[in-house]
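Right, I'll just put the structure down here and ask away after.
So that you can tell them apart, the chains are marked A, B, C and D in the order they are listed, and the count of residues begins at 1 in each.
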Amino acid sequence: MDIDAAELQSFLTDLDADIRARADWGEVADYIPELAKVAPAQFGVAVALADGQVLQAGAADTRFSIQSVSKVFTLACVLGRSGEQIWTRVGREPSGTRFDSILLLEQEKGRPRNPFINAGALVTTDALLAGRAPREALSEVLAFLRLAAGDEDIHIDRAVALSEERTGFRNIALANYLKSFNNMTNPPEMTLGTYFHQCAIEMTATQLARAGRMIAQLPRAPAILAPEKARRLNALMMTCGHYDGSGDFAFRVGLPGKSGVGGGILVIAPGVASIAVWSPGLNLYGNSHMGTFAAEQIARFTGWSVFG
Amino acid sequence: MDIDAAELQSFLTDLDADIRARADWGEVADYIPELAKVAPAQFGVAVALADGQVLQAGAADTRFSIQSVSKVFTLACVLGRSGEQIWTRVGREPSGTRFDSILLLEQEKGRPRNPFINAGALVTTDALLAGRAPREALSEVLAFLRLAAGDEDIHIDRAVALSEERTGFRNIALANYLKSFNNMTNPPEMTLGTYFHQCAIEMTATQLARAGRMIAQLPRAPAILAPEKARRLNALMMTCGHYDGSGDFAFRVGLPGKSGVGGGILVIAPGVASIAVWSPGLNLYGNSHMGTFAAEQIARFTGWSVFG
Amino acid sequence: MDIDAAELQSFLTDLDADIRARADWGEVADYIPELAKVAPAQFGVAVALADGQVLQAGAADTRFSIQSVSKVFTLACVLGRSGEQIWTRVGREPSGTRFDSILLLEQEKGRPRNPFINAGALVTTDALLAGRAPREALSEVLAFLRLAAGDEDIHIDRAVALSEERTGFRNIALANYLKSFNNMTNPPEMTLGTYFHQCAIEMTATQLARAGRMIAQLPRAPAILAPEKARRLNALMMTCGHYDGSGDFAFRVGLPGKSGVGGGILVIAPGVASIAVWSPGLNLYGNSHMGTFAAEQIARFTGWSVFG
Amino acid sequence: MDIDAAELQSFLTDLDADIRARADWGEVADYIPELAKVAPAQFGVAVALADGQVLQAGAADTRFSIQSVSKVFTLACVLGRSGEQIWTRVGREPSGTRFDSILLLEQEKGRPRNPFINAGALVTTDALLAGRAPREALSEVLAFLRLAAGDEDIHIDRAVALSEERTGFRNIALANYLKSFNNMTNPPEMTLGTYFHQCAIEMTATQLARAGRMIAQLPRAPAILAPEKARRLNALMMTCGHYDGSGDFAFRVGLPGKSGVGGGILVIAPGVASIAVWSPGLNLYGNSHMGTFAAEQIARFTGWSVFG
């Protein structure tokens, strides 16, 4: 796993050029109107190394909507705040179903399979509120992210949040369904508002890679996440981080990762590096098409797969 | 990850004593009459290290029926024989369902979710036959295991195989169901006979730990599995190795593993160690109750979790 | 099928006495707070005959919340208004699932199985609105019911409607889920408001039996429903009128029927009679326990079963 | 319901001519090799009236494989033999799934939804055996059918039975799956053999219409079925007789019916007539395409719908 930073930088630069030459970018998520406006043919990557360096290639400083990648950070906040209590309300098994499926929720009587599908993330956000106003809970997540990334310039894109509030009927359905099973303590619209704003956080690949250092437990990362909790986040990202494409990501990349429909993927090489890739076109599982390809190439080049 | 072998041996000896003092062994699988005869209160562990040592504690030399742990080795044989073709017939996603579920098979039109649930393993065994008689295919698996373990004394327990042939109605259902979708090339009873015999292979924890060295890619392991294939087996074991308890195993243990209803679990620490635990009592997912506990304790003591 | 009215009256009087002597009334629906207040040990029955007579026994003039029985009448309005178009948006097959299931809706991509489960009834109510304000659509349903029953004294219980609006999270989930599949033309809260008010219509057994005469096509019923439409409503009531207890009702009673969680059941003997039974305690399918028993006894006594 | 026999005969003759002029016959079942040989463009109809007349049109005397229509008669035998005990092993609710679905069987732990889907019919046949050899059980069914039809010339087509035995993998799966839930008392292959032979009974439309007279309770029918049992068979045929097309058949035809993949449908007008239609081409639910059309036309012409 000893990688020469200069060689890796050269590889990333070539990878960026290679990807830009390709035509198969996938399709931008169209169910959130604001996200549908983003041009698919974009790519950026950033790799935060153990020695503190952050390598970059492509549009590593372009902001994008982190969407479901935020679920890792809200879960980290909730685990920090109330420990393992959350597991009474949400499981930690892969779901085998789409990110917005409501099917298993009925079969399992309102306890979502894991905190990374939408239903489970709604429960996590509901727990994050903990009697506070949405503004306070969101401030906590932003403060946590800024501290993790060492960068104050991280914000919520309110246009995206409002766009989801107006059109996110499936998430509204999930929240009300959870409420009907008494697995939502706040009014559904309050949890939903918080959730849509949390998903609408904008970050660059560089910021995201830096924020992920604590999950990778890099030596110079801010000490804001207990090693045990980082380990658990990685386990969940490995088995559940890509919805019904999680097995395929593990098979091809061999690293824990969490994707968002904005096209970002946070990939963790525990103890070694935190990687953020971004490309807005999605594959059929709703994960970044070129981002997944890039993650696979990087894992292959570096030999960072946790599977040997 | 530098572990002192003497310290680990001492830990394993204590762990064995600790487990023997407990009363909650779980229930022995009762749907295979021959296995139902096994006493639940047994425990054995073996750890094959990179330097060639094999540490042992408890009943590490007692033979047990490896059952579904065999699926890892038949898949290795099939991958070696015909490469990646198998993935046209079986997926590699966690199923979120019981090991013997037929439900997803209907929804997904006869293509099992992964090769470690029963339906997927039947497809793998069907591919293993490749026009040969069951005897030949089984000889290949046995030869592969003996070579991997460096031990000729590995055999099939025919009483167990016959016991399953007489009572394995759910597996007979799965095989015929696959046939109805044209995802079984041999007569169902031929593939079933091979499958029941493969599951009835008997090994000790020591033999199993030694056989797993190639999957862990330990330096002194026999060179009979390409690194790329070992990596893929590990990825599948991590996401799918414990049926609908896979996420929980990843969360608690943090290592790829594959369980069998005989109470054995093969656990891989890539590049570092191959671990076999055995205890016949099962938890509600059909995985060894004490075996899972032991794997968790060993991972915690050694810090071998791939998640940092 | 020639029944002497005096004999039937005597039978109904005895049936009422018999039921009052029993203790197994079932449980009142508790998920709508206002309905949970109703005492379960009540029973009423009314039978409208072809000659214009309406026989009564028990609390036949006590008002109750007709709830899902209303779905028959809104469907009749929609069929009258826009004909068979509705079948592009909703099916007419039994669902085999609970009245409020969301599971099939995902599998069938937002097209509910039939208009009598909640999801399908929400689509019907959505079609009923047809660009009008809720008040207008509800006025149409009320006017239709008053005309059918020949009784102006039929109203909506606003306390029940508000109770459902505050607590009907599962219906809110269904409406938003339908919207996400573009099978809801109005804002979900608008259709939901109309739906909750429609379900909150209060009627007596006598009024309900009289309103059902047009579906039974009794000679003296107001001519406000074409025979072809009446026939279709009866077919749907037979196969889908009691959720996942529809087969059992057909088996035991042998007549088309539609139940509501308020404890009412409208039962049709085509060409012969319209029957309304009411008892608030429910069986495990969510249908009136004593109402079903009474319907079975009446069918047996009269020989009105359509099955000979 | 007073129909002039001469007018009806004239209508049937015209209907036959009309159907022969059409091109949309549907597809012959291809999963049973012997049935796949049958030419789709065939049609026959027979109507047994209360006065003893049997009207005919088209190929009313051509033999066809009655397949699942047999399920009505084996159920009648079982109800006659052991009464209502069968309902502890099989339900009476519409399934909402395909005739050969295994999905619900897993969710409902081996108790099939109703006796007319394949899983339920296998349970009925298993109960029919009642400790006897298959030959004896089949003799009972044949004797019952011959008595009902008043015609000794009814036989099993062994080529069809063997064809199913060789290729009926999905039924083999269902039988073994039932066995795994202890809902099959005989060895699966014994019940399957009996089932395949029962389905391979050959009859003409005329014979089938005559055999159905007892279910219609026509005055001159042989008295071999209690009225209560006939009523129950009709209820089951109405709600479950056409698999996941049962609701549609009730909606369009308005009479109890049972279809088979050989293209036959038995349709009952209780107290009035027993109708058999046959045309081998199937619609997407696996029911006769032209047979359903013909049943609908006859119901419309005669006004025999039980729904008024």
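The definition used in the following text is that a residue touches a chain if its C-beta (ideal position, glycine included) is under 8 Å from a C-beta of that chain, and two chains touch if they have at least 3 such contacts.
None of these values were measured; they are calculated from a predicted model.
Colleague: Touching chain A and chain C alike: which chains?
Modeller: Both-contact set = empty.
Colleague: From the C-alpha centres, identify the chain that is farthest from chain C.
Modeller: Between chain C and every other chain, the largest centroid distance is to B.
Colleague: CA centre of chain C versus CA centre of chain D: separation in Å?
Modeller: So the centre of chain C lies 32 Å away from the centre of chain D.
Colleague: In angstrom, rounded to a whole number, how far apart do the mean CA points of chain A and chain D lie?
Modeller: Roughly 55 Å, centre to centre.
Colleague: Sort out which chains touch which and give me every pair.
Modeller: A-B, A-C, B-D, C-D
Colleague: Can you list the residues on chain A that touch chain C in the complex?
Modeller: Residues 101-103, 105-107, 169-170, 172-177, 179-180, 188.
Colleague: List the residues on chain A that touch chain B in their complex, please.
Modeller: For chain A paired with chain B, touching residues are 91-97, 104, 113-114, 216-217, 227, 230-232, 234-236, 238-240, 244-248, 250-251, 254, 256, 270-271, 305-308.
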